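Order of writing sets the labels: A, B, C and D. Residues in every chain begin at 1.
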C-alpha cells in the first residue's frame, strides 16, 4: 500500500526520539582512546641510540635529527618532527628497535603559529664526554622521563591534555 | 591460487594472426602500435576471447621508450590479458585510441595523456587534460619532468 | 484559570483610556495597536523558540542532544545566533538588483504578520474581528510567493533564479488545493468568519467531518511553507539555498525566521479550521482556551518537524504532478462529496 | 517563443558533489542538455610521489586515495607488491586482512548510504549511518591506531595482531548490524518518496556498464555478476560463504539498495573470518629492505567502490619505478557525462550520489 513506507519512516524516527543519545560533550567528557592510538610522539632519550632508522622510515621526511659523535657513541643532540607534514602512519615508531619512540594519547597538537607546530623532542648540546651519571638518573625511572622531555621542550606545545 | 590468464593456446592463435605479437610472459603480450587496433578489435569481438572490459590503461616511461599497458578482462570467460605497446618515439609519442571499442578508454586515455603526454590518435576530438589544469606545462609522470616548489 | 487574562487586560486598558478622557474611537484605536504590537512581539519571540524547538526535535530524532550550551538547556541559543548574525555583514554582490535584493528580506515577515492579525488565539482573542477572516488570511499568505521570487530574481545567481522559479511554481500550484480543502469546511460552517467557524465545531471538530480535506490541507500547507518533503525552494543538496543563496547575515536570518512564522500561520489555520481552534476537547475547560489553542498549534508544528526530519525531498516535476493530478482533483472531489452530503442531509431533514 | 539554454556551474564547492568535483551543466530550464565533468581539484600526484619513496613508504599514500576505505586501498597496493615479489602471506594475516577489509567496506558503504540519503534530502538517515560508522571506526582504531588513514597493511602481512578487546566489541557490532540495516531500509529504502526519486532514474544498461569499465556496486546494480571476491577469489575469499547482491534495473535505487545488502554480506564474511581465524604469524618472512626483482605486476582487489587495481613496475631498486592505481571511482565517473543528459538538476545529484565517488580516489 502506498504510504506504508512513509508511516514506517515516521515510526522509526519516533522510536529514535527516545533512544540514548550518542553525543559526547567533548571538552568535559572524552572517549577512551585505544592503546594503539596514534597521538603525539614521545621520545625516550635515554633509550635512543640515534640510529636514524625512524628518520629513514618516514615517508614524508618529517623527522630531522642531529647527532654528534661523543667518544665512541652517537649522541642525539636534536630531534625535531615537522608535525605539520606528519601522516601519523606509525612507520617511525615501528622502525624503532629500542622502543624509544612511542605514541602517546595526547591529541591536542594545535598551535596558533605555523612555526610553532613542529615538535621538538630533543634539543640539547652535545657533552664533552658521555655523561657517566646516566645510570644514576635511571633509578628515577619514568619520573625522570618527563623531566628530560621538559628539558628539551623549549618550543614544544603547551597545554596538552 | 588459481590462474586466470588467457590460455597459451589462445595466445598462439593470436600470434598467427598478428605477426608483431610478442609473448612476454604468462598473460602478457606486446604488439606493435600499428596492429594494436585490429588486435584489440579481435580480442573484443571474437567470442573465444570476448574481452568485454578494458579494466586498466596506463603508461610507463622507460629510458628508451614509452610503454602503454592495457589490462583486459573477459567477464563471460573470466580470463585476463595484459597488452603492451611500445612507443619508441619519445618526442611525439602516439598510439591509436581505443575509444571506439571501450568507453572506459575515454577517461583513462585522457588521464594518460594528461600525466604522461602520450597522444592517442583517433581520440574523439583530442585528448584534453583531465586531472591537471589546462594551463599546466609538461607531463608530471615522465621521468624527465622537472618541477619547482616543494618543501625544502 | 486565566481564561479571561488577555481579554481582561484589553478591557481594562479600554476602560482606563476612557477614564482618562480619551475619545472612544481613539482609545479603541490605541487598544488595537497594542493588541497588534503584542501579537508581533509574541510571534517574533515565538519564532526564536520555534527555531530552538526545531533544533532540539531534530537533534533528538538524530540521536543527538542539540544546543545545550547557551543559557539553560541551550534555550538562548537562537538569541545568540541572531545576535551573531546581526553583527555580520550583509553582503550585496555586484550586479544584483540592489533595491529589490534588500527589500525582499525586509518584506518577508509582512505576510505572516498580517495573517496573524485575525487569528483568534483564544475565545474572543482575535486582535481584529473580520467577517471574511479566512479569505483575508489566504489572500495575505499568498503574498509570500512574490517576496521569495523577488529574492531569487534579484540575486543575479542561477541557483537563486532556479529557486525563485520553483517557489513561484510550487506556491501557486499548491495554493489551489489549500483553498479548495478549506472550502469544504467553509461549506459546512456556512461562514467565512473565523470565530463562527470555530464555534461551529462545538459538536464535532471538522477534522472528523472532513478528514480528507485535513490531509490535503496539511500536505499543501507543508508545501506552502517550503518544508521537507516539499522544500525544493531551498533544496540545499541541489540548489544550495535557492533564493537565499546570496544572502548573508541578518538578511538570510530573516528568510529563515519567516519560514517559522509561516509555519505558525499554517498550523494556526489548521487548528482553527479542523481542530476546533481554542475549543477544549472533551469539555476539559479547566485549561484556558488560549492554552488549548497553543497545545494544538504546537502539536501540529511538532508534526511538521517530525515529518521534516524523516522524509527525503520530492523532485520538482513530481511535486507539480502531485499537486495538480492528485491534490486538486481530490480536493474538488471532496467539495463535491461535501456538497452532496449536505444536500442529502437537508433533504432528509435531520 | 525563443528559449535559451544556460550554463550552471555545479561545484567544486557545491554541497552535493561529495568533495571538490565540478560539473558544468548546460540546462534547458531544469533539464540537463549537456554535462561536462571536471575532476582534478584534489590531484596530489600520488603516483609521482610513490616513485620517490621506498616500497613500504607508499602505503600511507594509498590511504589517502579512498580515505573512506583505506584498508582496501592498502590492500590493493600491498597485493601488487607481494605479487611482484612472490611473497606468500601467512594465513592469519590473510584472515585479519579480510576482517579489517570488510569492516572498511562496511564503513565506506555506510558513508555511501548516508550521504545518498542527504543528497535526496533526508538528513536523518545520514546521521544514523554516521553514528554507526563511528563504531566501525572505533574497531579499526583499536586495530591500527587511526580512524581513517590506517596504514595498517604491510608488505607480507599486517602491522599488528588484532588486540583482545577487539573481538567482544566486534561481536556486539555484528550483532547489532542487521537491525541497523533494517533501520536504514525502513527509513530510506522503503520510503515512497525516496523510491519515486531514485527508481528508473539514471539507468545504466549492463552492456554499457561493462563497456565503460564500471565495477563494484555500480556494475552489479545493472545485474552483472562481477565481484572479484567471487569470480576470481583472491586472498582467502574462496573459503567464505557469501552472496553477491545483484540489481535488476541498474537505476539509482538499485545502486543504493545493493550497498545495504553488501553491508549485510560483509558482516557474514567477518563473522566467518573471526570464527575461522587461525593461529600463526602475521608477517611473512620479508627482508628488512624491500627490493623486489626487476619486473612488473598488476593486481586487483575488490574495493568498496569497485575493482581497485595496482600496477607496479620495479627496476630492482628500493623505490618503485612506476606505480599506477586503477581507481574505481575515477573509471566509474567516465560514464557520468552521458548518464546525466536529459535528467533534471535534482536527478544530477541523485545520479552522482548513487555512483558513490570519493574525490581523493578520483583525482589520486
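Definition applied: a residue touches a chain if its C-beta (ideal position, glycine included) is under 8 Å from a C-beta of that chain, and two chains touch if they have at least 3 such contacts.
Just so you know, these numbers come straight off a predicted model, no measurement behind them.
Q: Would you mind checking the shortest number of contact hops between chain B and chain C?
A: Counted as steps through touching chains, the separation is 2.
Q: Quick check for the class: compute each chain's Cα centroid; which one is farthest from the centroid of chain D?
A: Centre of mass proxy via C-alpha means gives C as farthest from chain D.
Q: Per-chain Cα mean versus the mean over all protein Cα atoms: which chain has them closest together?
A: D
Q: Can you compute the centre-to-centre distance for chain A and chain D, using the mean CA position of each chain? Integer Å is fine.
A: Their C-alpha centroids are separated by 30 Å.
Q: Hey, how far is the Cα centre of chain C from the one of chain D, in Å?
A: Here the centre of chain D sits 45 Å away from the centre of chain C.
Q: How many angstrom between the C-alpha centroids of chain D and chain B?
A: About 24 Å, centre to centre.
Q: Using the touch rule from the top of the page, what residues of chain C touch 2 or more other chains?
A: 61-64, 309-311
Q: Give me the residues of chain A that touch two or more other chains.
A: Residue numbers touching two or more other chains: 6, 9, 12-13, 16, 22.
Q: Quick one: which residues in chain D touch 2 or more of the other chains?
A: Residues 124, 128, 131, 187, 191, 193-194 of chain D each touch two or more of the other chains.
Q: Mind listing the chain C positions that touch chain A in their complex?
A: Contact set of chain C toward chain A: 57, 59-65, 306-307, 309-311.
Q: Given the complex with chain C, which residues does chain D contribute to the contact?
A: 6, 8, 14-16, 30, 117-125, 127-128, 131, 187-188, 191, 193-194, 196-197, 344-349
Q: Which of the residues in chain D end up touching chain B in this complex?
A: 39-40, 43, 45, 47-48, 208, 210-215, 224, 226, 231-234, 298, 300, 307, 309, 311, 313, 321-322, 324, 326, 330-331, 333-335, 363-364
Q: Of all residues in chain A, which touch chain C in the complex?
A: Spelled out, the residues of chain A in touch with chain C are 6, 9-10, 12-14, 16-23, 25.
Q: Quick one: which bits of chain C touch chain D in the complex? Just the residue numbers, please.
A: 58, 61-64, 158-159, 162, 228-229, 231-232, 235-240, 309-318
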